[in-house]
Amino acid sequence: MSDKPARGSLIGDGLAQIGALGLFLLQILAAVPRSLRYFTETVRQIFFVGAMSLVIIVTCGLFIGLVLGLQLYDVLSRFGSTASVGTVVAIALYRELGPVVTALLFAGRAGTSITAEIGLMRATDQLAAMEMMAVDPLAYVVAPRFLAGIIAMPLLASVFNAMAILGSHMVAVSWLGLDNGTFWSNMTGAVDVWTDVMNGVWKSAVFGAIVTLVATFQGYSTAPTSEGVAYATTRTVVYSSILTLAIDFLMTAFLM
Amino acid sequence: MSEVSTSSPDALVRIRGLRTRLGAKVIFDGVDLDIPRGRVTAVMGPSGTGKTTLLRHITGQLVPDAGEIAVDGHDLARLDRNGLFELRERIGYLFQNSALLTDFSVFENVAFPLRQHARLPEELIRNIVLPKLQAVGLRGAADLMPAELSGGMARRVALARAIVRDPMLLIYDEPFVGLDPIALNQVLKLIRVLNHTLGLTSIVVAHELSAVRRVADHIYLLADGRIAAHGMPDELVRGDTDWTRQFFGGEADGPVPFHYPARDYAVDLGFVQVKA
Amino acid sequence: MTQRRSHQIGTGLFILLGFAALAYLATQTTSLANYRQGPTYALKARFTNVGQLKLRAPVKIAGVRIGSVSGIQLEPDRLEALVTLAIDNSYNQLPDDSAAAVFTSGLLGDQYVALKPGGSPEMFKDGDEIILTQSSMQLEELIGKYLVGGGDAPGSKPAAAAKPATPESETH
């Protein structure tokens, strides 16, 4: 894993990266049973990747909701169907915006810090020291962060969705004068728990796995220098965003 | 190549015919080496001769291309992951940059190996950790975080961590780099005292002759992928091979050239035209 | 370790908040919100065409939800749709000459069953059938009727809800 884009065929490099990522995923999955004895470490990581991301998730969720409310009210008023603002906001959020935007924010907030943290542990020999103390870094460092991502992302996406719905409600009902009952009854009439809400929960769990997989992989295989860590952090955001959106498309296409 | 015998009581680590290649570079080209039990053995050599690589071989972090390595009678090539981990639990390793876990306090760093391998009562952990911290003189620093320590203190904490499980073998990777004279003396004293009081075997990798002379019973000089010389410190210093003269005598030129390989100087300056 | 403990508390709070948000979304913003039903009683109604009516679609009177569709079957002998409605027990004062119609909420919204109260002194009981029904208006049929110009609205029994041209929506 060079810290600069290597010369040579772009496709070959890309395939090699994907292959290495896949192998790393297998290694993590193999390490998960062993990591269960470090349960408190997983709890600690849920705190760092989850609870510490709440501020950005709550703020961005609220703003997305406000914007969606304004835009949709404007567009739907041309068709005389402003009553559906709540419905459209909820479905758009549950199915796509909630999981995807949360994943992108998560990559920027938690993914980068995971990469930088593991990269620094690599650079300062902390990972080698664990190996020498007969502690498997995959089980102690990587797997807990991976599990924490899978657990935290659906919860973060739910908080994001709730904030966005509150935001759109604020715009549509409190500012633009849509009837409160209309807003909610249209939403409850059209949104389904399984096809909409839970679908988004599965998606965000998968996205949480993708972001933490890329982040831990980049940190783990970083060149042990400060430039190496910097490159790896950038790559975490780029690769995890691309992978998230690509897999979102595949999941939407095949699972709906 | 002689066979590795488990019956040799005086050698804790036996290396025979070690060959390693990293990328295109040949690191070891037939290295034979014995680390005697209960002694302090130093491995010296110019930068880039693979001293740290040798340590990674001994701890099984890196598999050699050829050759046999036996630690306490176990052939590393025949150990599986669990066997290797069990062996490593009996080896203390002091990293060049201490490698303290940044998230944990000094006390928790030293307690880390204990907590990971056994469920011990907190009382017992304190009773094991505090004497080790006392031995390195940092019992009072137990609650500090690694970021609050000086380089010398961090190295002493790492030393306390390395000995917390009473290992049979203690490996020091460049323990003298970047220490002020006071910290250097403290570390030197610790290496000797620990080796004698705990009955350990120690391997010290370093290139500071003056420091090594004060702790080592035996020195291996590694150069060019081979053992260039070995023996007691005083013998080596008086030795008269090219390597010992350059390395211990501090000559700028010798087997390790002062000039990096280059084209002819006159050609580079343009005084002489090269025929195409 | 106090630090470890505060992390555990923070993690607990975070997980609690996340699940609270998820539970709120799942129960208050979806059709689950319409399940706040206690005991119900069943009414039956036959329609020649139920259009896009789905299970769990709301049943409303004057735009207020009083129950949901609990079953849609085809009656093999009459080739009509038999729709079972689960009406909340609290709405047990429905005259037994009330009429049922399949309406669409808004122009393109979901379909629901609207009840139009009659004037009979007798009330519906569990298992009764609603005699007066009016089928779903199919957009295609409406357009066809408009082009051909007149004729009875096909597939509609005489219903108390006279003109279906203005489907009520619950928009207030």
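A, B and C are the chain letters, set down in written order, and residue numbers restart from 1 in every chain.
Throughout what follows, a contact is a pair of C-beta atoms (placed from the backbone, for glycine too) under 8 Å apart; a residue touches a chain by one contact, two chains touch by 3 or more.
Here the structure is a predicted model, which means the values were calculated and not measured.
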Pair joined by the larger number of C-beta contacts - A-B, A-C: A-C
Most centrally placed chain, judged by C-alpha centres: A
Centre-to-centre distance between subunit C and subunit B (centres being mean Cα positions), rounded to whole Å: 78
Centre-of-Cα separation between subunit B and subunit A, whole angstrom: 42
Subunit A and subunit C, separation of their C-alpha mean positions in angstrom: 37
Two or more partner chains touched - positions in subunit B: none
Subunit A - residues contacting subunit C, complex: 40, 43-44, 46-47, 50-51, 54, 81, 83-84, 86, 90, 94, 151-152, 154-156, 158-159, 161-162, 165, 179, 181-182, 184-193, 196-198, 201
Subunit A - residues contacting subunit B, complex: 120-121, 124-126, 128-129, 131-136, 140
Residue ranges of subunit B touching subunit A (in the complex, touch as defined): 59, 61, 85-86, 88-89, 91, 93, 95-97, 99-102, 112-113, 116-117, 161
In the complex, subunit C residues that touch subunit A: 4, 7-8, 10-11, 13-15, 17-19, 21-22, 24-26, 28-34, 58, 65, 105-107, 109-110, 169-172
